[in-house]
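Two complexes come next, and they have one chain in common, chain A, joined by chain B in the first and chain C in the second.
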Partner chain A sequence: MIGNVPSDFRLPTSDSVIGRLADDVVLSIEDLWVEYQTPAGPMQAVRGATLEIRRGEAVALIGESGSGKTTLGLALLRLLTRTARVSRGRARFRIGDGRTLELFSLGGSDLRRFRWQECAMVFQAALNSLNPVLKVRDHFIETARAHGRKDDRQTSERARELLRMVQLDGERVLSSYPHELSGGMRQRVSIALSLLLEPQLIILDEPTTALDILTQRAIIDVIRSLRQRLNFTMMFISHDLSLAAELADRVATMYAGELVEVGKVRDVFYTPKHPYTVGLLNAVPPIAGEEFTPLTAIPGSPPDLLAMPSGCSFHPRCPYATELCVRQAPPLFAVGNGHQAACFHWERVTRRLDVWEGAVR
Partner chain B sequence: MTITEPLLSLDHVSREFSTRRGRITAVDDVSLAIGRGDILCLVGESGSGKTTVARMAAGLLEPTRGTVRFEGRDLHQTSKGEHKAYRRAVQLVHQDPYASLNPVRTIGDTLRAPVLHHKPVRGRREGTRRAAELLTLVDLTPPQNFLSKYPHQLSGGQRQRVAVARALALNPRLIIADEAVSMVDVSIRVSILNTMLKLRNELGVAFLFITHDLAVVKYFGWEGHVGVMYVGKLVEFGRTPQIIGRPLHPYAKALAAAIPEADPDLTRTKDKLQLRSLDIPNLTALPSGCVFHPRCPYVVPGLCDEVAPRLEDVGEGREVACHVVARERQALTPLSPSPGSTGEGGTEAA
Partner chain C sequence: MVAIPQERSALARFNGRDVLGRLWSHFLLRRIAKALFTVFFVSTLIFFLVRLLPGSPVEVLIAQLTGEYGYSYEMAANQARSLFAIDPNQPLFLQYIDYLRNLMRGDLGQSLLSPGVPVTAIILKYLPWTLFSVGLGLLLAFAGGVVLGMVMAYRRNSALDHLLSIAASLFYSVPSYLFGIMVIVFFGIRMGLLPIADMRGTLSSGQQVELSVAFIKDALFHAALPIVTYALTGLGAWMLLMKSSTIAALEEDFVTAARARGLPERRIAILYVGRNAILPLFTQLTISIGFIVGGSFLVEPIFQYQGIGYTLFKAIQSRDYPLLQGIFLMITISVVVTNLIADLLYSRLDPRIRRPGRSD
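Up next, the complex of A and B:
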């Protein structure tokens, strides 16, 4: 099962190499639960998430604040705070040479290699993820050195190339400190830095949030062209549905720690089958079109993760909810080709607004 | 904009600031007016001066030049009594409800304070009754559930509703909302916007609504006007449906084109306007001529980089500050006299 191991990579502990995934699967998350210790007791921030990401695709994880999207990303890179832990489930990752890593039992140097060489994460606040006392050049050099690439000149050369790809003036930016750059420039530096070691998977957490509109557009265009050139796999986390519409091949909606709908981007946007996805879509104001577009809000607010409602966690806010939804949690139903939704009433779910007008509060 | 006297007007208002790197003009010669029950949206990116305009309109900042008038009276020349009346009539809602609500006061205390201070009602019990009324107005029901809570016990959206409720405490005639919904989630954003629209429709409250998001302007300001600001200047002004449907100023066009849509087919095929540069100019070293010319794809060398365009009326109550737009209009309007024309030739073209 384990093929030839390249000499530059120490073999993971035996129990972290379990089987192969399907050839095109890069990441497989199965029944993932993440628990935070809080003064009021354990709180489940991610509840049984299952998701596969295939080579070369872009998957958007959408949902509102507190839905568990960022926690899921952090858990994959084993970057959770000390008060959080993966309480159940597994995540497998197929590394470059075809072997499979069990992410939650990786240790020491394997973990270090996995992070950044196999999977890199770009964080929301790019100012906080860059070290304020290091010039941009040193960020690239230190990252490369930490992963055994000691040729600084080669690193600088690669850095300039990547910075050019994100539409930055490499020479000028490399000798700048983070505070000398605008928010949009810092975000592009972070993206370039994440690509330095050619990871297979990039996780972007809210890549355009808190940036000006024209800067957001530049970041979106940069990400799109980078994917075309470098062909990496991408998972991005966003509360912005429009960003998912722009960049994703597949979309997964998260609500109160659960993945409630997963499908191809056109299926999820044009024929959403989970009422929460519908609620989100009906709340986004469009700019195109010469007519006024009425919108509706999802009534109520997301549940307290320490006191979850019975049955379906969305039932107190859902216009389709019935007795069944109060009693029983819905499984993920196959609602179309590669399209799943966790709703008993998915066959009745439409984007019509009038359903929501008199919704429960 | 309105035939009657506007509620609040800014008349050729400029504001300068001294910074370590020199003097900057955050707002440069902006004129705006808001009538009773009107919605006026100001849209622009960071550094556009929209928040400085909001602060001047709210009386928190005095203009370096120009005047702010409330019901026709210069805000900074009013008597103490008039100023107090203005303070009641114009209320500000900030972006960040975490920062603007006092964390050690209950929601009830927060809402009672302005009522008891300005004395439209007397006594704690009356104050509480008014506080409950305000909570109901902003859809925090039943109010009893919220009066004794502290800000940290509420969600971000609920806190922003409390901030709106506090702004309503003194029956204001104008609410200045500065990025009031940019920090809340999508579905909550719509419900807060709907609540504010209800206040406008039912109570006749006018809104000066500051945002960076044209899509939000389209929804909230559909029945009002929008001003597009760029590094301190108003570059386009008009009725919201006109500006959203057919922006004329290249910067407004770029903004509208840049916004992604929650529709995969539409957003991926939408015409984008490629700017020549991504950088917003430094306020301490503004470009010559039109401040947008270094980024503008339509730039006319020798004109745009030399002469600053003035905001000009282009009909239908719409104003644009752009040489290129002005030229196109001249080309399309044969009756307007052009240099060297005898004044007769225009009729054939019509």
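Up next, the complex of A and C:
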């Protein structure tokens, strides 16, 4: 990356002014590629992802495990492991004072400031994202101090307030160690911690995975009420469609590292235009009040990222696949108002089950 | 939540058991009780082991006294009794009670080699030197290993890492006594860089044990070679342990989360990586403390450093059974006590031990 970034954030240069972010766009990802170095050669985990997130909106990134959702999230915070790198593309971020950051050329203290102050992340509940030897209070205080907020008493006060918002007993939780809290409580702490510095954007990575169903419910309610109160922008990563349906304004479906369908939550769930989204929807019980329909699995399994199929990456599993799909990769077609899908046959795609049952047979 | 008050009231009826239970649940008390039991168990073991040895040392001494010095059996038995602080004519069980009673008073009998000198006095005279030299050596090895291990983990696969890895394996594989001999042969004799003859012993003749700079300097001068030997031969293991432990800690989710929160890298290295990586090493430390005297047994005779290892060496050579028995008991006690200290230290470092959490 650029080695010498001045301590003040720079405004976009003249050449990027053409692609200036619209006023309400917080994050703009353009043609992002992330590759992992593996013993078998470079593996593309994210392939040309393009996505815009507007102020105040909630975008759900859905897809199977291993589809590159988490990698995309980590890439934005520049938290990829040493074996991974952003090989192409850019991501721009509008920070609080209106200036725009080029995320992949941030360095040193600018990067540190961007993290958490502008963009925070809530990690998977299954992960141990809290240090076992530090009390919850120390997590808040360390974070505040790292961003120049030296008044520990004020930080504690703020932490108590945030913990109350996620329905925890602030004082008791603050003086607990992480192992003394249940999984659901730890996740609430993570959520409260993400709000500490009032960031523009919060990335939630599978916020309810590994929690029991009642705790999941509680976490969803907490996130929803927080959004109503604080109105932050969020991107959440999930394989749980019902979660996406409940919390998101827009949904982006990810398959084998590509964003294959993006649209408003109603459009994507009621009139999906990519066969993979249809497959995902048919694989789970109905989300809205439809009558019960039998569940169908998507035939086959996700492709080997080291040996991708030609043309459309979904064609080996797709009931609509034709000669064209094998030869050529589909671009994103505008299929509706703010609704895009990467499928040549989007006009024929329906949620009717007979198509899929035919494919299974 | 509702069930708890009922449980409490049920327990209140068995008040005595409740108090005992609460004492037992107290971490420190539990550890001390365990330590006392260990010492008791081992002292019993030592007592019976010495008596079960073919040709019991008591019998051997009596035979020796009657055979070589013309003592009558009565006189020989009396002599043996005073030396071992036990009466060989009593039934074993009563002897054992006597032994325990003497032990409580700190009476371990008298040395055979230097009659009239209590074993306790000999141990008290030599043990501090060993604790000082081995303790300092262990501390240096541990501190150095932790720092270098972290450097290796942070710079893994760099030239520095490879270099340090090779050095660590090398130090790790050389036995301490061999290292000591090599130091004497190369630095002392071949190159003549070290005044090894002057460095023998624990203090220069004429130097009093006192709290002064001269005393500390002299003590360090004499202990330098054993300390360097312990430190360097122990360093490699700590380095390699800390390296793997740090690499594991670097992969932890809370380290990534700390980076995401924008914490300074140095803060993360100390509080998130180092603090957690060092925890498993403490278990290792408690184990290695057990080898304090074992290690000094091999190293001290080489440097003629008069600590407890040197004394043990001498005691074995001259079959000084009361002294051996005393040193073994002392080894046990020191291992148990240091283990206890390390345990308490560990519980201070790892809150999960100190305050057991909920199980879900």
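Just so it is clear, the second predicted complex is superposed on the first by the 329 of 361 C-alpha atoms of A that agree within 3 Å, B and C clash if a C-alpha of one lies under 4 Å from a C-alpha of the other, contacts with A are read in each partner's own complex, and residues count from 1 in each chain.
As a working rule, a contact is a pair of C-beta atoms (placed from the backbone, for glycine too) under 8 Å apart; a residue touches a chain by one contact, two chains touch by 3 or more.
Small disclaimer: the values here were computed from a predicted structure and weren't measured.
Of the two partner chains placed by superposition, only chain B is touched by A:L295; chain C is not.
Greater residue coverage of chain A by touch, when chain B is weighed against chain C, goes to B. In the overlay built on the shared chain, the residue A:V265 is in contact with chain B alone; chain C does not reach it. When the two complexes are overlaid on their common chain A, residue A:A120 makes contact with chain C while staying clear of chain B. In the superposition on chain A, A:S65 contacts chain B only, with no contact to chain C.
In the superposition on chain A, A:L306 makes contact with neither chain B nor chain C.
Of the two partner chains placed around the shared chain by superposition, neither chain B nor chain C is touched by A:V326. Contacts of A:L77 after superposition on the shared chain: chain C is touched, whereas chain B is not. In the superposition on chain A, the residues of chain A touched by chain B in one structure and by chain C in the other are 182. Per the touch definition, chain A reaches chain C in the complex via residues 74, 77, 79, 111-117, 120-121, 123, 127-135, 142-143, 146-147, 177, 179-183, 193.
The part of chain A that touches chain B in the complex is made up of residues 64-65, 167, 182, 184, 212-218, 220-221, 239-246, 265-266, 269-270, 279-281, 283-288, 290, 292-293, 295-299, 301-302, 361. Against chain A, the residues of chain C that register as touching in their complex are 252-254, 256-264, 267, 271-272, 275-276, 279, 349-352, 355, 357-358, 360.
Put simply, chain B touches chain A in their complex at residues 45-46, 141, 155-158, 185-191, 194, 212-216, 218-219, 222, 241, 244-245, 254-256, 258-268, 270, 272, 275, 278-280.
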